[in-house]
Amino acid sequence: MTTETTSKKFNIDTVEHAEQTPEQPLPWAELGLKENEYDRVVEILGRRPTAAELAMYSVMWSEHCSYKSSKVHLRQFGDKVTEEMKEHLLVGIGENAGVVDIGDGWAVTFKVESHNHPSFVEPYQGAATGVGGIVRDIISMGARPVAVMDPLRFGAIDHPDTPRLVHGIVSGIGGYGNSLGLPNIGGEVVFDSVYQGNPLVNALAVGVLRHEDIRLANASGVGNKVVLFGARTGGDGIGGASVLASESFDDAKPSKRPAVQVGDPFAEKVLIECCLELFKNSIVEGIQDLGAAGISCATSELASNGDGGMHVELTNVLLRDPSLTPGEILMSESQERMMAVVTPENVAAFEAIMDKWNVEYSWLGEVTDTGRLIIEWDGEKIVDVDPRTVAHDGPVYERPYSRPVWLDGVQADSFSAEAPTDLRAAVLELMASPNMCSKDWITNQYDRYVQGNTALAMPDDAGVVRVDEETGLGIALSTDANGRYSYLNPYDGARLALAEAYRNVATSGAKPMAVTDCLNFGSPEDPEVMWQFAESVRGLADACQELGVPVTGGNVSLYNQTGGVAIHPTPVVGVLGVFDDVARRTPSGWREDGQAIYLLGTTRNELDGSEWANLRGHLGGQPPALDLDAEKTLAAILVNSSRDGMIDAAHDLSEGGLAAALSEAALRFGVGARIGIDELCERDGIDPFTALFSESQARAIVSVPRSEEVRFNDMCTARNFPRIRIGVVDAENDALDVQGHFTLPLAELKEAHEATLPKHFG
Amino acid sequence: MTIETPLIGHSAAEVVDESLSGVRVGVVTFPGTLDDRDALRAVRIAGGTGVQLWHGDHDLKDVDAVIIPGGFSYGDYLRAGAISRFAPLMEQITAAASGGSLPVLGICNGFQVLTEAHLLPGSMVKNNHLHFLCKDQRLLVENSSTAWTSSYGEGSEIVVPLKNQDGQFVADERTLDELEGEGRVVFRYVGGNPNGSRRDIAGITNEHGNVVGLMPHPEHAVEPGFGPDSSAFGEVEVRGGVDGLGIFTSVLQKLVNK
Amino acid sequence: MPRIVVDVMPKPEILDPQGKAIAGALPRLGFTGFAEVRQGKRFELTVEGDVTEEVLDHARNAAATLLSNPVIEDVTRVAVIEDAQ
Amino acid sequence: MPRIVVDVMPKPEILDPQGKAIAGALPRLGFTGFAEVRQGKRFELTVEGDVTEEVLDHARNAAATLLSNPVIEDVTRVAVIEDAQ
């Protein structure tokens, strides 16, 4: 290799040099590009890329950044949106996060993202930086983050590697989120051996803003300044040895590149406050967080969403590791950084705010109208591209997909084990099982109080946060997924996930408004996985349309597989609901002696894919049937009865069916109940075991004050929705008494419910 | 100019005593402070006027009392409170508080800052179970003659949230004996020690009774609907516990009567 | 009783937020002259009885597995200190 | 560049929860022979230029005031390490 640039630290591969040396081999394969993708880069540029350009295209055209395998399917989320669904959407799919109008000039932005693989390698830091990344997405919309949630999936609870992951991931989520002052208001914990080598760490963040504060990631206004601020840039995320060999040091080897990223929650907390101060004083024109693909992503996205051009001097980037090459600086995924566009008049004000918060910044360049993203290294041009070709024109694949041949066999294999004779023991077993046990050991490691606006959190059905202290206007959020249902039927599984999150939000009393999702799947190169993915997206998009709630953003995580074995398809769905006043939120447990307990909905014999079948080691058949009209009616009943003060408690039925719902509602405040299920069995033509363990959808239990019973019944009748009085709250007897079948003292139930996690991880 | 989100300063929550609004209570914000808005809200609900103070300033803005709120100032890096105690504003606070005049309350991280600044004895180390723990905690108010506890009857109990990772109070035996002997243990954990704190101590005061530090968070138990599910004073609505309010009314009443 | 000391430091290429915060605080307190600060851990293992090769081996293995996280930290020293305290 | 190392250990009379947890874990992992474990901190301060008396003084003072809390910790060492890396 030629080394004529003796005065420089690196063999800078300039654009000029690239033009002169068309034959020079480049490590595109090592950087993850396919041959046809590399050829396309050459075609776009009309020459070979420089090392820095290659770095940019390779990271931006990766699966993670370009959504090349999923794009063709994700379009349905946009295509299947009606005008009516768009009514409350201020910003739709495509930006860092969607923004929803919740009234009174307030808006909410929320999104869920995955950090699965990094969390397997280094659980604490992987989970921590997952929270950090999603929170920066929320800030970059102009919002104050107000809460986080963490849907998690681990391998078998008794696998020797599980404690490492549980301890690391939970303390990472807590360590980062707690330090940011963001209440954790909910999530999920599921144990299943399919996630053994691929735990799922999804993180959701939600933020609040005034309509006029919405910020977008675009660089407009020729002559406006581009600034990078926050943490310094290190070798994070570049991974192992530098493959950009043509860029390596003249005389020495580059120092090592970290295998994992370490989060600095303190830096991020300061970044939040300092960005909010920038927004409040209208100091930034456009802003973008730095996540995957770092500066490559921020510059190319800002430029292509704005006036189309940007000029950057890369040596201005403040480095943590001075041995980084230009390409590495462009690829680095160092955390806690932001990029903003600032008018020349606001430069001084910007710097004053940075100084106040002691945040480092560097001016990198300015916005141009040339349509080109030009990056220089010490005055020499190392990148000269149309930013759109980097950010938006990545490859798009129509990957082949095919329905798995094994699916028919699995679907035909219905759960047929005999009903247990001892229902009391069965309920105890269920409530102590890894997926149904109390998650307190985990959620007690999260701050749910900070900010003073949390109206409901764990273990209630949805997290509820007040937005406006004057009016009580607020939001509810729930995330759900059932990998087993999706395995049995990915189309229905995705719809069921949406239905459950929707139902949870309505159970808390909020009106469901919008959706975010994180689609966790195996390898898209496996046609069977690709089929699961395609079916899930189709199902979710269809169900969103039917329920009238638009997808506002989300994330796709592929390649979650160990060897040839993929995880269950796991589309995690988050639903956002709105409250006119959070004071009327409905908790999931009853408290008043003598209130009537009603079961809403119809119970069928639906045990396939259920928690009970899972406990018996069975997975086959079809997931529970879904009736979205019934879900809508149920939601309307729950929201209206909350609004009109007809119910004091409501808990939806999902995994574990009525047995789980009754147990949880009793344990919520430690108040018992007398329940009778015989009439229900007769009405729905089922046996007591099915009544308790079936996972039929569109069901909930509510507790109704005596004075409201007539009104409540009238409302159900008017809506033609099945309900049945199944018992009364019994504050005298500290027991769940299912008459004629069993009595479970609450102390015993609580003990069984709460002991499981401490036993394995305490 | 846009409104700060979430909205602060306009809570619909009922104010306890309007006649206290003349009392100005400063709440210090360090980089990494988290519960400053919550402390300001608590002061407001109690009836006082909250004043935001910035750690880097040299001016106490004529406040009548100071709260150092919870959070992770400087990330709790090195030791909780270790870096914050050197803030310029801490000099003013130390000067005004050590003589016994300025009432100062340190909550959680604020308590840690006060011990690092030697305004209060002892220190906090990691919880004995090594985890962050968030729970509703029952406390015994053992000393109701401090600037911050006079609204409570001697020996009352309260329920307020506890949430921390480094909450285990430690001191040498002599200091502990001295604290006990002088009645300077203000709050003690009841119903089980959540973190291994020596002698179940949750909060202490200095010799003058003007400086109080405690690990649990009274500012999270001041507004119905957003507090703990229970109260030591009897049945409450869901999340209706407001047992922490007395801390804030104590200081306001004391100052207004001065 | 003899002690074995194990020093564990964050890998040089890994961000050390604590060290960074300390480095930021030092000059504010008038302590100048330092370019960088890194914060690691120091473990002192008190040995029951004599420091045999086996005990040292245990210490080395513990250092590599339990006391450090090889993804982000290096064990920089495992050594016996014999002191007269 | 020369470095100054500062070792800070929890005072013997203060319970060290992290050390205790490690001491409990060691035998479970088969690492036997240890009576006690204490976990302290090790700081490495990289010196800009030469290690003058003044810089060493700064390090000693920083160790006593910022890097340790005398109520619970002892500074057990402040020393220059010159390494050939």
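We just call them A, B, C and D in the order they show up, numbering each chain from 1.
Note that in this section a contact is a pair of C-beta atoms (placed from the backbone, for glycine too) under 8 Å apart; a residue touches a chain by one contact, two chains touch by 3 or more.
All figures in this text were calculated on a predicted structure; none of them were measured in a lab.
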Pair sharing more residue contacts (C-beta pairs) when A-C is set against A-B: A-B
Roughly how many whole angstrom separate the Cα centroids of chain A and chain B? 35
Inter-chain centre distance, chain C versus chain D - centres from mean C-alpha coordinates, in Å: 7
Chain A and chain D, separation of their C-alpha mean positions in angstrom: 40
Chain D residues counted as touching two or more neighbouring chains: 66-67
Check each residue of chain B and list the ones that touch at least two other chains. 74-75, 77-78, 83, 86
For chain A, residue numbers touching 2 or more other chains are 264-267, 358
Arrangement of touching chains [line / ring / star / complete / other]: other
Hey, which chains are touching each other here? A-B, A-C, B-C, B-D, C-D
What residues on chain B touch chain C, complex-wise? 74-75, 77-78, 83, 86
Chain C partner, complex, touching residues on chain A are 121-122, 125, 231, 234-236, 255-267, 320-321, 334-335, 358
Sites on chain D touched by chain C in the complex: 1, 7-9, 19, 22, 25-26, 29-49, 52, 54-55, 58-59, 61-62, 65-67
Touching chain B in the complex: which residues of chain C? 17-18, 21-22, 25, 28-29, 39
Residue numbers of chain A touching chain B in their complex, please. 143-144, 146, 171, 174-175, 178-181, 208-210, 212-213, 264-267, 269-270, 273, 276, 279-280, 356-358, 443-456, 466-472, 582-583, 587, 591, 669
